[in-house]
Amino acid sequence: MRLLARLLEPKATAYAHCDLPCGVYDPAQARIEAESVKAISQKYQDSNDPAYQTRALIIKEQRSELVKHHLWVLWTDYFKPPHFERYPHLHTLFNEATKLAGAAGTKGSADVAKAEELLAKIEEINKIFWETKQG
Amino acid sequence: MRLLARLLEPKATAYAHCDLPCGVYDPAQARIEAESVKAISQKYQDSNDPAYQTRALIIKEQRSELVKHHLWVLWTDYFKPPHFERYPHLHTLFNEATKLAGAAGTKGSADVAKAEELLAKIEEINKIFWETKQG
Amino acid sequence: MRLLARLLEPKATAYAHCDLPCGVYDPAQARIEAESVKAISQKYQDSNDPAYQTRALIIKEQRSELVKHHLWVLWTDYFKPPHFERYPHLHTLFNEATKLAGAAGTKGSADVAKAEELLAKIEEINKIFWETKQG
Amino acid sequence: MRLLARLLEPKATAYAHCDLPCGVYDPAQARIEAESVKAISQKYQDSNDPAYQTRALIIKEQRSELVKHHLWVLWTDYFKPPHFERYPHLHTLFNEATKLAGAAGTKGSADVAKAEELLAKIEEINKIFWETKQG
Amino acid sequence: MRLLARLLEPKATAYAHCDLPCGVYDPAQARIEAESVKAISQKYQDSNDPAYQTRALIIKEQRSELVKHHLWVLWTDYFKPPHFERYPHLHTLFNEATKLAGAAGTKGSADVAKAEELLAKIEEINKIFWETKQG
Amino acid sequence: MRLLARLLEPKATAYAHCDLPCGVYDPAQARIEAESVKAISQKYQDSNDPAYQTRALIIKEQRSELVKHHLWVLWTDYFKPPHFERYPHLHTLFNEATKLAGAAGTKGSADVAKAEELLAKIEEINKIFWETKQG
């Protein structure tokens, strides 16, 4: 069982922002919170307890804000002018992604589909991020 | 190049804590911040600029606190009594890991070796976490 | 009147965590927030104003999180391996207490009884804490 | 030993602010952090390790800010106009106390004496607080 | 169009608190958040969507807390004893203003009128602030 | 004297972000913190007390982070696609401004000139912001 567990375990090299700079970043931080937002939205939809739903809205607000923060940090601290030249749509992609985690996105809506939109945008960013890591 | 990038990209299913509960957790959150602490410690050692080193200490303090928080959340919100029965050393492992991110660990020391100790503890927790995910 | 007030006034030596370490801790910090959670829960029950109840849920969420934090700090920063040997159930006690301040406890419930359970757990911790202060 | 421990244990009824209002307050919260500031200042004085001293300054800044916050909350959320009439110097006392936890006080100084000044001010507030609790 | 825009643009010299002290303060910080509270209250009144209203309460709670904080900072860090002598009602004015941003004010109420009361108090403080800047 | 004070007082209509959306924004929030960063940098340069300088670095780090946050909020929550079309350099302007408040800017440097660069960028954003307010 242990071997199976190890094989299935994600190989996630962790990166984090600290603005020293420490040179350590990973879109997983944003995606982690967005996965949480999606799960919260699903539970909100499945519940018929108003108090539970209120808690879901409270927490969804917080996790969505964290998504915005992690994305902003990547946009400002990781990506550099050469990246923006190579990917001319990158600014727009980040602007759309952060909007999708805000009032017009997962903050203002408890639709699971909205959270999936956000995750899709983060995945686009993630692809570009790993391409820039290769060179 | 794109294919290579995609193959090398970590497959990290994101998990996050939100205490709704949303059922979404991942030790990657703790490991991400610990990788940051390690990078900061290395930069501290390599620098001979006192102002830069002060910034490194400020930021290392913050990231270490985040490691503690992410670990505490796993210990309280993810792991359940059956897990603690199956892994009798799990409480101690978490207690040691969180101590390693504190005053007696990466907060109080800028040694890269101390950060590596912390990462090793997190990896032990990570192994157990994924085993419990399998069943 | 003044004399009476002074006699009735709690003699609380204050201890706080700061992870320097400063050697200053007190379970009163956790208990204070748990008393608040209990009072909020009571007011939630007594109210029939939905907006007021929503505020109560918002604030109960925050104060419960503070209870978790103060307990985690005691568990990691104050208690040492000799304590855990002397009190073999101490890890479990802390794990149960922090769970009682979370989704399965005072976060997820507005029952006053749940808050009283939490206060009882904190009192158990408090007893042990003061015993360790004696020797 | 246990009996002795219980007798010596502080009887601290916990009060906390949450602005619901939950009616739960205690100057112990401010005093707890001020005790921490005093301990940090002492350790700063006793140390000749610049990195340790830097950490002490970082943490003293944070704990001092918490003292200010807890005092402000008492001044705004607990004390009412009748109290300010009964104790005409109360506004000034709070203003002086919060200043003592700021740049001109324990933030800007690592003197233990400054922290003791702050604790003395908090004790004056504490006396008045418990008098108002009596009637 | 540009000239018109520039003429209509507010000439706001920005001041901020940081307790170094940096000598930089402005009641605009408190007023900014209070304007936000007023707008949120209006939107709450205009909405018939319970989820939207819940979000409004969550955010109004946060922005109201920020109003309290900015006011407390002015009261403690900017205003000095000579100011309190020149304006004997200044303590009371600040105490009333911070109460107006709390449970008995904009936190506990979604009435636009309550937010306008708060803005009026802040304007009184603002007048005095600029008088003290002149001499 | 009072009339003079009132004439000289800035007419700052306050805007704030809250992501409800409340429709209330103002670059003054970012500029206020940047003014603070500039003042802190000047005091750092003028001081020869290492403890004071350490405090300056701690606080400059915090205020710089607030500048980044306020700018990110404007970029994501206020500015819309039509604005980005009208001002094709707006994304780049925001990216440069937020970088100037980070490790390569006012966080990593205590030069007053760096803070002035940041203020100049914020002023460019401010101009555009008020133009969009006009239509």
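Chains here go by letter, A, B, C, D, E and F, matching the order in which they are written, and residues are numbered from 1 within each.
To be clear about the criterion, a contact is a pair of C-beta atoms (placed from the backbone, for glycine too) under 8 Å apart; a residue touches a chain by one contact, two chains touch by 3 or more.
It should be emphasised that the depicted structure is a prediction, and the values quoted were computed from it without experimental measurement.
Asker: Among all the other chains, which ones are in touch with both chain A and chain C?
Answerer: Chains touching both chain A and chain C: B, E.
Asker: Which chains make contact with chain A and with chain E at once?
Answerer: Intersection of chain A and chain E contact lists gives C, F.
Asker: I'd like to know which pair from C-D, A-F or A-E copies the A-C interface, where a copy means over half of the contact pairs are the same by residue number.
Answerer: Of the listed pairs C-D, A-F or A-E, the one copying the A-C interface is A-E.
Asker: Fit chain C to chain D on CA atoms, both being copies of the same sequence, and give the resulting rotation angle in degrees, nearest 5.
Answerer: Rounded to 5 degrees, the superposing rotation is 180 degrees.
Asker: Have a look at B-C versus E-F and report the one with more C-beta pairs in contact.
Answerer: Per the contact counts, E-F leads.
Asker: CA centre of chain D versus CA centre of chain E: separation in Å?
Answerer: Computed value for the inter-centroid distance: 26 Å.
Asker: What is the distance, in whole Å, between the centres of chain D and chain F, each centre taken as the mean of its C-alpha atoms?
Answerer: Roughly 33 Å, centre to centre.
Asker: If you average the CA atoms of chain C and of chain F, how far apart do the two points sit, in angstrom?
Answerer: Centre-to-centre distance between chain C and chain F: 40 Å.
Asker: Which chain C residues reach two or more other chains?
Answerer: 19-20, 54-55, 58-59, 107 - these are the residues of chain C that touch more than one other chain.
Asker: For this structure, enumerate the chain pairs that meet the touch criterion.
Answerer: According to the stated criterion, the contacting chain pairs are A-B, A-C, A-E, A-F, B-C, B-D, B-F, C-D, C-E, D-E, D-F, E-F.
Asker: For the complex, give me every residue of chain B touching chain A.
Answerer: Listed in rising order, the residues of chain B that touch chain A are 1-2, 4-6, 8-20, 22-24, 26, 28-29, 31-36, 39-40, 43, 55-56, 59, 62-63, 126-127, 130-131, 133-135.
Asker: With touch defined as at the start, can you tell me which chain F residues reach chain A in the complex?
Answerer: Per the stated touch rule, the residues are 19-21, 65, 68, 72, 75-77, 84, 91-92, 95, 98-99, 102-104, 107.
Asker: For the complex, give me every residue of chain B touching chain D.
Answerer: 53-54, 57-58, 61, 107-108, 110
Asker: Report the residues of chain C in contact with chain E in the complex, numbered from low to high.
Answerer: 51-52, 54-55, 58-59
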